[in-house]
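What follows is chain A paired twice: with chain B in the first complex and chain C in the second.
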Partner chain A sequence: MSAPLRRVQVAAVVLGAVVLAAIIGPWLWHVDPNAVGPLATAAGLPPSAAHPLGTDENARDVLARLLAGARISLAFGLLAASVAAVVGAAVGILAALSRPWVDRAYMSVVDLGLAIPRLLVLIIVTAGFGRLPWGWLAVTMGVTGWFGLARLVRARTRELASGDFSVAAFALGAPTWRVAARHLLPNVTGTITAAAVLAFANAITLEAALSFIGQGVAIPTASWGSLINEGRAQLGVTPWLTVLPAIAIAITVVAAGALADGVERGAPWRSTGGAA
Partner chain B sequence: MTDTTALLEVRDLAVYFRGAAGVARAVDGVSFFVDKGETVALVGESGSGKSVTALSLLRLIDPPGRIEPGSVIRFEGTDLLALDEERMRQLRGRRIAMVFQEPMTALNPVFTVGDQVAEVARIHEGASRADAWKRAVQMLARTGIADAERRARDYPHQLSGGMRQRVLLAMALLLSPALVIADEPTTALDDTIQAQILDLLRTLQQETGSAVLLITHDFGVVAEMAQRVLVMYGGQVVEAAPVRTLFAAPAHPYTAGLLRAMPRIGSRRTRLDAIPGTVPPATAWPSGCRFRDRCAHEWEKCASEAPVPIEVAPGHVARCHLVSDPARRAAANLAGAPT
Partner chain C sequence: MRGGGARALAFALLRGAAVVFVVVLVSLVLLHLAPGDPMARVADDASVPDGMREQLRAQMGTDRPLPEQVVRWVAYAVRGDLGFSVSAGLPVRDALAHALPYTLLLGGIALVVGFALGIGIALAQVRTAGRRLDRWLAAGALAIWALPEFLIALVLIELFSLRLGWLPTSGVRDLMLDAGAGAGAQLIDRARHVALPALTLALVVAAQVARHQRVALQEAWGEPFVRAARSRGVREGALLLRHAWRAALAPTIALAGLALPTLASGAFVIEYVFAWPGMGRLAFQALADRDPHLALGCVVLTATLVVFGGTFMDIIHARVDPRRARAA
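Let's look at the complex of A and B:
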């Protein structure tokens, strides 16, 4: 077995474990993540049998909040990545198959989108609309995050569209939509998947960044980002409040990155098409 | 009813590519015809404009390339350059089909070969999935693929190069097109497989009555397959003749050079006569005759005046000043037997 394949497998197992924890964790550790305990006796407790990862300054159970945060953060990333993948792939493929001036118009929009700092846009949006429900925040993140993906998909589609089997399909009389749907899309799914996995990791870190400056998902909903934000005031006293969600984010992002890398490099479609 | 018009008639075809390096006149004033059922070979070096000519017959030239105004492509009596895109699309694969050079890359890696043959029937005849599949399997069997029923479920990478080329022929000939354009269909194959594929192409051609425009740079293939030959150089047809005439009495120094560059069994010479130099870029053809830089028989007229096609004999045309200068032509001894 090749080393890249092993890396992808490890990454997939790690990511799978995180997702599994998010899905079944809150059932197994049946504690309300938002239940406030007696502040005088239960706030800022270190790990113990009753609270395996301790409690925060509001006497809430950290393990329960971490698991609940995983659900929100992962769902957030998934939703944002899905929006980015669908919009980006559609624009990328359309641009690649359009007349040169239409292609240039699409790509100007992409260049503009890439030129504007995304965090700034998100801060302005959240400041303007107040605290958005997390779902809408995720959609907003997807809508502002498809530009790079569109460019990748366009490049790959152009390469494939000038390749032999696309020309052959046109030469057999296949209409453009058929070439796009039957011949190009199945061959760019690798690129789309890889870019979407990265967009997923990106969305999770961006949400954390937004939460850190108090513009992320609305309190008291727990996300990994909001947990870091809540814990940072007590960093010296109760460091686990900040460190644990940070580690969760790091593990998820690194695993997603490795997975995307493997999908992009190890896949058989890298060696097909293109040759004119 | 007797039909006196050619199946395909190309007149003054010009395809230019406008880029940063200037205007590349890849095809520049090409005229020829193909009759029903005949095989015409289109011969020339890389860069001579063969493939661009082929693609323009299907109107598959992408920007910045363009078929220039004034070009005429008449097929089955229809002016192809006047058709709207939808009518043109309906012709592709149904009346004019193309076989590509690289059977590996011309097939889509993510679909079975049966699917890809069946797709042609689905596109043009709206055949049902089951019906199209059945026809695809029959067609694959006709191309000599053993156990076609099972092989149809294979993906391109599971087949050998020869088998893949059979699949491409099956796709091209499924709907019995009137014209098949074969762009170096055997260049990527071993010699033994090449002979099999050419045999197959000829057999299928007889069954379907298709005409074949065979693009190649291999005179062995030409001799075996074609009735007439068009020799291209510098985006122009420089000589057109029946096969025997061309081999026996080439009238253009370029054709003569190509023939001399061909290895021959029984020849005592150990070196082949290569034509000196390479094809100049299409952005910078020489003035006058485009071949003159590489021609052993160049004189002043070649630089000052571009030769026009002149009839050497009925059905034999060459674009060379030697044709109209008997003294020089005799001295050049183009048909001279290689010693």
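Let's look at the complex of A and C:
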């Protein structure tokens, strides 16, 4: 087994474990993440049997909040990445198969999107609509995060569209949509997946930053970013409040990055090419 | 060739202007579509007299149809009038003028230090490829890439400010420092305050640069001209610096333009953490105070800087890379 393959497997297992913890965790550890305990006796407790990861300054159970936060943060990343993948893949494939001037028009939009910091769009949206519910925030992030993905998909599709199997399909009289759906799409899924996994990691990071600034998910909803924000004031006293969600973010993002890297590199078309 | 260059420059600038216009357009459309009154803050404030409320509304044109708003905003903006910030109590232009130098200082230091650091890391990695230092540097770059900027900031604050007590946690200057203190003391105080936010942002930039530069260097390392130089007896160090690095530098300069949006976003978040009075903090303050005009001003000015900064880097890239200069 080659080292890169092993790394991808480790990354997939780690990411799977995080997702699994988010799904079944709150079900196994049946504590209300928003339930405030007795402040005088149970606030800021270090880890113990009753509270495996301690409590925060409002005497809420940190493990329950971390698991609940995992659900929000992961769902957020997933939603944003799905929107970005669908829009980006559609635009990328369409652009690659369109007439040159249509292609250029699509790509100007992509260049435009890449030239503008995403945070600015989110600031304007927040300025107008106030603080968004987290689902809409995730969609907004997807809508502002598909540009790089579209560019990659377009490049890969163009490469494939001039390949022998596409030329053969076209020569046999297959309509463009059929070539796109049956021959090209299956071959660009690797590129789409790799880019979508990165978009997932980016969305989680950006959500954390927004929540930290107070423009992400609304309190008392727990997300990894909002947990860090809540714990920050007592960083010196109860460091685990900040450190644990930070580790959760780091593990998830690193695993996603390694996975994306591996999907791209281990993809079938690479093994015949030899290069890179 | 000269004439072609001038035309290309004019085209690039026109393109930049078009991008900025789209930003203005999209922003105004979004603000227009949003429910509620953009002047809610004034409308809710009982101490604001009715006459002034109407006057402000007319002045900002928020009651006009959208196309007229866009034309008005642009027409005023080119004359340097970006409206009035209710929350700051002064024209948006003045609020921006106060914040801009701080962001430029922070971003400028971060860009220079970050690129120097990133290139240095990549060179060290290629020199020690496969050995322990290479792996440590790669792991460090990966960690910085994976962590959100604000977390790196928190770690640095915890380490350098709270544990070691070397540097202040936030702000631009020590308010307790005597105004009569010498220029040298003032300057040192400012430098101590900028150190941590700039270092945070520089690390973020460096991680990105190192990743790119290492790939570019390794690619160049395998090129025939490096092998040819080695066979002529050029020493490894010179081979790396004079031959491989020269070829690998151009894509890094291109990266500088592409990194600007990331840099701007990062600067915004870091300014918030360190209470650094730049554009980012102003923008988030505008959000907290429900002051869309101030937020709009921050967004448009930042977008302008990023877009034209990118254009500028692109031109430099074409100059440095002889292959691109010939193609253009």
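Methods note: the second predicted complex is superposed on the first by the 269 of 276 C-alpha atoms of A that agree within 3 Å, B and C clash if a C-alpha of one lies under 4 Å from a C-alpha of the other, contacts with A are read in each partner's own complex, and residues count from 1 in each chain.
FYI, a contact is a pair of C-beta atoms (placed from the backbone, for glycine too) under 8 Å apart; a residue touches a chain by one contact, two chains touch by 3 or more.
Treat the numbers as computed from the prediction; the structure is a model and nothing was measured.
Trainee: Label the relationship between chain B and chain C on chain A in the superposed model as either fit or clash.
Mentor: Aligned through their shared chain, the two binders fit side by side on chain A.
Trainee: If we overlay the two complexes on their shared chain A, which of chain B and chain C does A:250 touch? Say first, second, both or neither.
Mentor: Touch status of A:250: second partner only.
Trainee: After lining up the shared chain so the two structures overlap, which partner does A:187 touch, if you call chain B first and chain C second: first, second, both or neither?
Mentor: After superposing on A, A:187 lies in contact with chain B but is clear of chain C.
Trainee: In the overlay, answer first, second, both or neither for which of chain B and chain C A:129 touches.
Mentor: second
Trainee: On chain A, which partner's contacts cover more residues, chain B's or chain C's?
Mentor: C
Trainee: Touch test for A:240: chain B only (first), chain C only (second), both, or neither?
Mentor: Neither partner.
Trainee: Once the shared chain is lined up, is A:209 touching chain B (first), chain C (second), both, or neither of them?
Mentor: In the superposed model, A:209 contacts chain C only, not chain B.
Trainee: With both complexes overlaid on chain A, does A:164 touch chain B (first), chain C (second), both or neither?
Mentor: In the superposition, A:164 touches chain B alone.
Trainee: State whether A:29 touches chain B only (first), chain C only (second), both chains, or neither.
Mentor: neither
Trainee: Would you sort A:119 into first (chain B), second (chain C), both or neither based on which partner it touches?
Mentor: A:119 contacts chain C only, not chain B.
Trainee: Between chain B and chain C, whom does A:228 touch in the aligned arrangement: first, second, both, or neither?
Mentor: In the superposed model, A:228 contacts chain C only, not chain B.
Trainee: For the superposed arrangement, tell me the lowest C-alpha distance between chain B and chain C in Å.
Mentor: Between chain B and chain C, the minimum C-alpha distance equals 9 Å.
Trainee: If you lay the two complexes on top of each other, which residues of chain A touch chain B in one and chain C in the other?
Mentor: In the superposed arrangement, which is not itself an observed complex, chain A uses no residue for both chain B and chain C.
Trainee: State the interface residues of chain A toward chain B in the complex, per the touch definition above.
Mentor: 99-100, 162-165, 167-175, 178, 182-183, 186-187, 268-269, 272-275
Trainee: For chain C, which residues count as touching chain A in their complex?
Mentor: 19, 22-23, 26-27, 30-31, 33-36, 38, 142-143, 145-151, 154, 158, 162, 258, 261-262, 264-265, 268-269, 272, 283-284, 286-288, 290-292, 295-296, 298-299, 302-303, 306-307, 310
Trainee: Which part of chain A faces chain C closely enough to touch in the complex?
Mentor: Listed in rising order, the residues of chain A that touch chain C are 112, 114-121, 123-130, 201, 205-206, 208-209, 212-215, 225, 228, 232, 235-236, 242, 246, 249-250, 253-254, 257.
Trainee: In their shared complex, at which residues does chain B touch chain A?
Mentor: Spelled out, the residues of chain B in touch with chain A are 55, 58, 60, 62-63, 89-94, 97-98, 100, 102, 105-111, 119-120, 123-124, 168, 171-172.
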